[in-house]
Amino acid sequence: MKFEAKNISINRGARRIIQSVNFALNNGDALIVTGENGSGKSTLLRALAGFLPFAEGSLFFDLPEEGKDDPLIIREHIHYLGHQNGMKPALSVRENLEFWQGYSTASNSDEGLDGMSLIEALDFVELPHVLELPYGYLSTGMKRRVSIAKLLITEKPIWIVDEPTAGLDAKSSAMFTDLCKDHCANGGILIAATHLPLGIDGAKKLEVEQLYTFHGGGDLFDEPESGS
Amino acid sequence: MKFEAKNISINRGARRIIQSVNFALNNGDALIVTGENGSGKSTLLRALAGFLPFAEGSLFFDLPEEGKDDPLIIREHIHYLGHQNGMKPALSVRENLEFWQGYSTASNSDEGLDGMSLIEALDFVELPHVLELPYGYLSTGMKRRVSIAKLLITEKPIWIVDEPTAGLDAKSSAMFTDLCKDHCANGGILIAATHLPLGIDGAKKLEVEQLYTFHGGGDLFDEPESGS
Amino acid sequence: MRALLKRELNLALRAGSGALTGLLFFLAVITIFPFGIGPDLNALSRLAPAILWVGALLASLLGLERLFSQEREDGSLDLLVMQDHPLALSIFIKCLAHWLVTGLPLVLAVPLFGIMLNLSPIGIGAVMVTLLVGTPAITFIGAVGAAVTVSLPRGGLLIAILVLPLVIPVLIFGVSATNGALFDPDPFTSPFLILCALSLFTMVLGPLAASMMLRHSVE
Amino acid sequence: MRALLKRELNLALRAGSGALTGLLFFLAVITIFPFGIGPDLNALSRLAPAILWVGALLASLLGLERLFSQEREDGSLDLLVMQDHPLALSIFIKCLAHWLVTGLPLVLAVPLFGIMLNLSPIGIGAVMVTLLVGTPAITFIGAVGAAVTVSLPRGGLLIAILVLPLVIPVLIFGVSATNGALFDPDPFTSPFLILCALSLFTMVLGPLAASMMLRHSVE
Amino acid sequence: MNDVATQKTGFWTWLTGLANPTRFMGLADRWIPWLAAITTALLALGLWMSFNAPEDYQQGATVLIMFIHVPTVWLAMFCYLVMSISALGTLVWRHPLSDVALRAAAPIGAAFTLLGLITGSLWGKPMWGAWWVWDARLTSFLVLLIIYLGIISLGRALEEPTQAAKALAITTLVGFINLPIIKFSVDWFETLHQPASVSRLAKPAMDVAFLYPLLTMALAFSFLFATLHLMNMRNEILRRRIRSLKLRAAAGER
């Protein structure tokens, strides 16, 4: 498996945010994206997950069996954990997790039911007891940990996580680091944006820099810089 | 000025979350609340800010001039910054900040217009240029910094902040620490819940512990522990 | 408080429910009635007060749903509750802003719609007056409903029990006062006075009740 | 997909007051029209199908606003878009769930309201059948409106404006089919078949258009 | 054969060349004065012809309104057609200017529709004795106004241009079904309104004395539309440039 970004640039709101980013990840690689607030980490991750179009460059994804660079096929293999958790406060933790499990495995079911069971996953994030609590009753860090459990209940080779440890206490952060190491050790790929060091040895680093100068191409409607 | 909690206990969802917490803060003191996820930091802070009732114990607030322990009067002197920012994504940063400034100073205006101007406050959090951007366009960390600017535009002696540096980059975290030091140096009181050390020297510490045992009083309708 | 009013109006303009949108909404509602009821102008003009009132009710319900739930979700509600302004006053202002973008356009557009529905000038005047007096009541009652849904996640039943007995009388007195002005045997003054009373009553009690609910919803 | 349907229904039962607000509005409409028409019971029962239809149509607009905007705010929309299920299918399921909690109660409430409007048993049956077939079309068209305004925090009125002109054909054929069943010279079968066709048509096209829109709205 | 092919590719490169807004701006600047001049001339001619048309034996002098009414309603509908094609341009061909064209056309279309309604009402009072009736054509035309205004408010509410483009395109396409309804409403339902008497596939059923001034006016209005549309597209492009400059400035870009 190979996940390769070639010369990627991304625009947002009439501005170039990411300029010519390159990286190549193989089985078991981790990529840590760092940078100041507003430098474009989340933007990059969202584009990699397929939510934003690239202004330039492209992504290569090299699954043994399947279609190479069809973004729709790539998506199926990605777990995205953004700033928001995507859970409904009115439903219980079980209901929330069961939903995501049922919803995302339905079509993969020919590959057999993968991932852990809910109980195992919650055990992993050390929240076995909250299963029946409404999600809205959890504390911020517990909410985040439940979303991390969501990564475990369906198995996908690529994890794209955006500040996964925000709001976690020290113990849970360490737990998450272990999880990531396991994931990579099992041949998964990890892309994480973070301000706090995750502590994964041998991870590749990508420093995103804030663009303050005009890099062209922000928008078709921009006036050309000079002349013609 | 004195801000004193005497033997405070707090229930939530028929459960005792905080048991017998005591502290006394004077002008210039900072209190750092730490604890695991779900131990009750946010709950304590929200109760101190007046959103939750105390199950037991009470708060003393000792302003030179005014009514001592009327929770409504205490509230006027508190800045609360929770997990959420309380800003409207559709409005610009200026509109959002102007609103909170206008809304909260209106009645204090007899004391003169206090706090910094918007521009100064945004300068402080190093975001002078985003004034006219819609708030929804900002990155997570920038959003948080704008909320921090909100603390500056109206002056209140007590700051209660809940994981203020979540999502901030290293530079901005340091900036926030400086802000807190300034606030305390000017005789303000700071109460912060956080997982990451804030780096304020001489701050008091309060470690909140998760209660796993039944501490009575969770609910009037609970069965009493033993006998009578 | 001026700050709050300004923010609400700003938000309304920005977020897709400005004054033009309000007008347009009523135009759309008025337009679909003839499709159902038929083009008979006589029947339409008899029904005009009811049509306009139903439109006003719908507009209030459509926008009010999110009046407080959004504030809660983005954390503003905490801060609104926390200020030393009486919360009821803030709610009053929010309702006022809401009425300005949903109720007032309707009142002002009645002459136009009246012509389209073949309403006599007296009828137009009567509808305008009753709507002007009555639509605020709908907004204020709706606010209570919105507050209930915010504070009680399972408050669905409650909203019906709380809001229903109040909204329907407003509609009934509004429409019957208008009919009173239009058609001879029906009285105008007494339903109109009741309407005024209802409006004043809800204007005071609505925000108070809503603030009571909201105070408990920030936990 | 079953998972999605289950979640939606759970959510609606747990948190949503959509069904009740809809019913409340429906009731208000039914109560208010007899006032305009006056005491003439015959006229009332002639207009009853139209009133019920218009009421149901307007009531279905309530709650549409939240169909996608809430998913967007809590981040679920990202994940829904990302799955390898066809997004249109997920939207179809969401619409179905929405209809089950808002449209279906209206259909079921018709017998009660029909009596209030002096409708004959046949009339009640006809209204129920046509509403059963027609209200899904309103929901599916509404979904497009909801998708288009998903990023607006207060899109309720705007959705109504966009949706109302498009549901007019549904209303026309719904009312004329009902009248066809009730009053002799009018035909029933052909408008009813057109209504079915409209429903099926929107059932396919609505989710497709909405999914096209939603795909681009997650940025 | 070969010739046609090269012609087509020539046209195609021209059209894709237009995708560059800067080139388009240059083109618009050159064309607008000519278009404006032609519009003025045609309008003058059309008005002169209209005033010299004989009085209708039925309608008297009010027939003059026809020369305004009919072209405006035609243009109101034509404008929606233009918007629908632009919508396809956005969704299918992804031509960057088609969104600009759509947005720029909407207010013009709304204005024509409003004018059509007003002239129709003015005409209706003497002809039918009422300013307004809920007849199928009139109502569906009113619905067209609602759709136009709905699209305009939607465009205003959505700030992000790329997202707004999709939303507007989809809304416009979905609203397209109203056009055939307006067109054929006189045939499908019994209405008070005049059935098609000019725009029929068969021979027009109108006296040439009315036909020629009417057609001239229609041509004049078409040029008026083209002029206004180009001007508004130019404004729209400028508006976007200002917006993106503002955003970039606000983001601290230099």
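Per-chain residue numbering starts at 1, and chain names A, B, C, D and E are given in the order in which the chains are listed.
The rule is short, and it goes like this: a residue touches a chain if its C-beta (ideal position, glycine included) is under 8 Å from a C-beta of that chain, and two chains touch if they have at least 3 such contacts.
All figures in this text were calculated on a predicted structure; none of them were measured in a lab.
Ranked by separation of Cα centres from subunit B, the top chain is E.
Per-pair tallies of C-beta contacts place C-D first. The angle needed to superpose subunit C on subunit D by their Cα atoms is 175 degrees, rounded to the nearest 5.
The mean-CA centres of subunit C and subunit E are about 36 angstrom from one another, to the nearest whole unit. With centres set at the average Cα position, the gap from subunit A to subunit E is 47 Å. Between the CA-based centres of subunit A and subunit C the separation comes to 45 Å, rounded to the whole angstrom.
Counting partner chains per residue, subunit B shows two or more touched chains at residues 83, 88-90, 137. Residues of subunit E in contact with at least two other chains: 143, 146, 149-150, 153-154, 157, 160, 247, 251-252.
In subunit D, the residues that reach two or more other chains under the touch definition are 14-15, 149, 152-153, 155, 158, 161, 164-165, 168, 219. Residue ranges on subunit B touching subunit D, taken from their complex, read 88-90. Residues 1-4, 6-7, 10-11, 14-15, 74-76, 78-85, 218-219 of subunit D are the ones touching subunit A in the complex.
Across the complex, subunit E meets subunit C through its residues 130-135, 139, 142-143, 145-146, 149-150, 153-154, 156-157. Listed in rising order, the residues of subunit B touching subunit C in the complex are 12, 46, 49-52, 72-73, 75-76, 78, 80, 82-91, 95, 98-104, 106-108.
Put simply, subunit A touches subunit E in their complex at residues 13-15, 211-214, 218-224, 228.
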